[in-house]
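All remarks here apply to the structure that follows.
Per-chain numbering from 1; labels A, B, C, D and E assigned in written order.
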């Protein structure tokens, strides 16, 4: 059996009075790509953002249950969220580089941790850009503003930025939905490479993408996980009728 | 052979220097549903908005070519766009009811035409709401603000609003992409009913939706129409390799 | 169809008329001031000190007084308003306390300037006289800095609003603390906006008169520091307009008004340039 | 006297009546130059001058009206000059002269048209100073009516320059200002046949006049050098140059 | 780990600092209120509040303090200023946001912004030397310093507030709303009047109210042109009120503060308090309007 990275137990999440996640129980395995699919508003993003406590930033969120990451409950008050987020990186739907140079974008995280040594930073920048398959594109213009890059490059920069923190997990919330087909393909290839070193969770609206990139797939509906299985099983042999209807496009 | 509603000849459209539509030639048949599909940015919306001259509102648009609607070139300077738009109704991606009562929303178009008679307006409101399958939902609260309705109801209101103008054509630009599955289903059922009386063009990102609701499908790519055929043919037997790749989800 | 065209036509007519009125009023005022004032503006006028008995004296002390007032006021108000904007946009939860704070800021924004004058006069000039030396640049600036707080806070908050939330989330997701996010991402990104807010505030300070009359006084000497009483260009203009009796003083009044208008136009142009730069950056 | 700054320069703040302000400004200018002092002049108004002197904001207060009894208990006063209050009208007004009685009737609303006193058929637009003004105090007490009798639709301006502006553009207007502030954009009326001038004020034939005072806290002897200067020949010249009438020190 | 905790501590400290600075606004507002009230208090030992507000006899020399006529004058000038300034402002806003080509629109907006920042002393100066004689000749009246002149100047002064806020309110209307209307065959003007303005209602109303507040609180310009006559405007016929001089609340304060002492001074501070109360009322209305606006979007 593979290692379990996140062990989610009886997770409930409320935005004020509205319950967005309902008694989730799921084990996310390490060094695999897990896809989260489901119709709009079913709680995929919410769940993803619980894994690095990003929901803490939203007013009026209440969470119950447990999420054990490597055996430690990350929902506990004692957890240092800043620490947690360096271990669990995140890539967002819309590429969101900082309005600074490419170099500074990558160096941002390490610098926030107190890394000041120019040599170490140089190294981190280079290795992260290489890991994100972006080094060759940008090595000659590291000091240019990152906003001048194309959308696909920007998104790879955001991945590189996350990698620079040497995280254990990378969360991706519809990372390609703002990109064109060619850029999308590049990101998908990148995910394939990255999964050797990282545990990856990806939210996607595209059945095709889920089936192409993921090892496991969780199907969300109205805040519940209806089905969780290997991607192969989900797509070829869904056990739940709703799952089947969804992936064959009969609704959603 | 069916009647041809729009005969598009050598249509080119430029946003400033950027050519968004490239030499389009297509015949849209009357009283059928034509779906426009293709990856993001390929020009679907642009084409749709050319059919009711909505692009006139954008600065720096240049159009060449011809679009004959019932034999008259609607791109000509002599065309009264206000007249044209009463004949070619439109429904947008995000439901956009006006911030007024349900009744006033529907009566808005006729009133702009100068209809003042309360009885006639009452009739129009009722028949339009019935045609949009919304009458039973709202008949008791016609004077309530339309913004208090659910998303799906709002979208049907927008359809009713378009119907109130007794148009010949209804253009829909991703009309369900902001809606939940149940509301989507209702709209799709509605389209099926409406096509008896109206010529409908619908832009959609969902292959499933295109195959469910449309009679003909046009596949756009980078401003060109790659393939146009009956929906059945496009989905079961695409002639172009790109089309096939796109509908099977290998890109996009 | 006909009727519609006529109705539309009437509306258009009103619209053009109204816009014409707006533009023409501006042109009339500016032409009125410049025509009578420009000829009296000279290098000497700008660099000579003022003397009521000398018709050829200048306005250097008032220029310096204005600079002092602007400088001290901004020194006090800018940090307060940046902090307030940060609090309201980055920290404040939607609760009673926030509501009270927002109400207070809206309240401050609508307090008539004469009431600021009354307040500044009774607190800074009278009660705090041992610290402010009574009528002084300091008293004036303290009064004005309260007065411009709402403008500054609101415009800076507007800038903060334009920073997409994704940038904040990106920073937190990289393990940055809130303070790091604020100082490394939010403030640098909003720098241009903060600058144009400050320039707008300068405009307010430069054009204010009633509160300054009551708090900074009317001494026309070159100010020696923040404890000196001093006239700004605007209070000087008020003095010339209301106490000036001779033709020479009239001419000086128009010349001072000319300088003020030029300063105002320049400040507005700078704001526009900065705003354009922001747009380029965002767009 | 006064405060001393670190360099030993005498610095002093004088504030109060805006009518005396221009005169004191030029006195201070010359005095500062000669004595290396820093006397600065603040406006505000007579009452501000009194209050400021009482609470120490000013070392000396300029007052252009008589002190009220309770104020006189706190303060010492020194008359530094006499001032005529002149009545002005629009330049094109044919009226040249007016009697004290007519003036009173105009200001109390009994005469409301210029034709009644030999002018054009125009309604009279009365312009006055604000309550508390020294000029107004002096004018009303000598012309002989009380503040509450002032015609109600009278324009009120709170500065000499504004009165001149007001009257200079209005053929209907009549106002009163300090002799020293007279400008040639308005026309001066004779009162009972006497044209206001330094001479006529000094010899008392021009009746509407008042005193300019400097006040200071009882017992304090601040600025005695300044007073020396004001009452010196040079000071008197300055006062005359402003069209006020110098007086002897009492 | 150590460093991590210090980061959180810095966060907490910074939050406190920032909060403290934010409170200054609240303290300042309270201080303004308290100081003006305290300074106004001595008046009410002599005169009761009702009399102060309802009497139209203001005669400091006889210790009679009634501000009714100033309240009426303030209301009259504010109303007329709004009647002129608001339509002109709104129509200019429509021109800028809907009709003018980009370049012209940004020029008009720029002009309006300049109008906004011209010192009110200049408006007053301009009013005194240009508008006052003009109004006098126009109506052939005794004096051009009238409430009408003051209203004209005020209309000009509130114009920028109305224009710039209404413009942003109109610009904030989502494009989907006007596209919706145009697609229904409405003309551009119908779209603006029937959909955009209702949609932007709360923003536009707020701009009106802020303009109103500005008109009420303006001091210098009004004082220079209103004539400041100490009398109750005669309301019938209304032209009688506007074509005579009058004194606003603000004018009364700035006019007499320099010469006031004792009860007189307190009465002027009390005038300030009354002004303050008016402004608070407007503010509360604005708050209501905004709440409604939030509710409907």
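Just so it is clear, a residue touches a chain if its C-beta (ideal position, glycine included) is under 8 Å from a C-beta of that chain, and two chains touch if they have at least 3 such contacts.
Here is each chain with its UniProt name: A, B = Phosphate transport system ATP-binding protein; C = Phosphate transport system permease protein PstA; E = Phosphate transport system permease protein.
None of the values given here were measured: they were computed from a predicted structure.
Centroid distances built from C-alpha atoms place D farthest away from chain B. Counting contacting C-beta pairs between every two chains, the top pair is C-E.
The mean-CA centres of chain C and chain D are about 35 angstrom from one another, to the nearest whole unit.
Inter-chain centre distance (chain B to chain E, centres taken as mean C-alpha positions): 47 Å. As a whole-number value, the distance joining the C-alpha centres of chain B and chain D reads 81 Å.
Touching two or more other chains at once are residues 82-83, 113 of chain A. Those residues of chain C in touch with two or more other chains are numbered 4, 177, 180, 241-242. The set of chain D residues touching two or more other chains comprises 18, 43-44, 157-158, 162, 165.
Put simply, chain E touches chain B in their complex at residues 102, 174, 176-177, 179-187, 190, 194-195, 198-199, 201, 296-297.
By the touch criterion given at the top, residues 52, 54, 57, 59, 82-83, 85-86, 89-90, 92, 94, 96-100, 108-109, 112-113, 145, 147, 158, 161-162, 165 of chain B touch chain E in their complex. Note for the complex: chain C touches chain E at residues 4, 7-8, 11-12, 14-19, 21-23, 25-26, 28-30, 32-33, 79-80, 83-84, 86-88, 91, 100-101, 103-108, 110-119, 121-123, 146, 149-150, 153, 177-180, 182, 203-204, 206-210, 213-214, 234, 237-238, 241-242, 253, 257, 260-261, 264-265, 267-268, 271-272.
Only residues 1, 3-5, 7-8 of chain E touch chain A when the two sit together in their complex. Of all residues in chain A, those touching chain E in their complex are 80, 82-83, 113-114.
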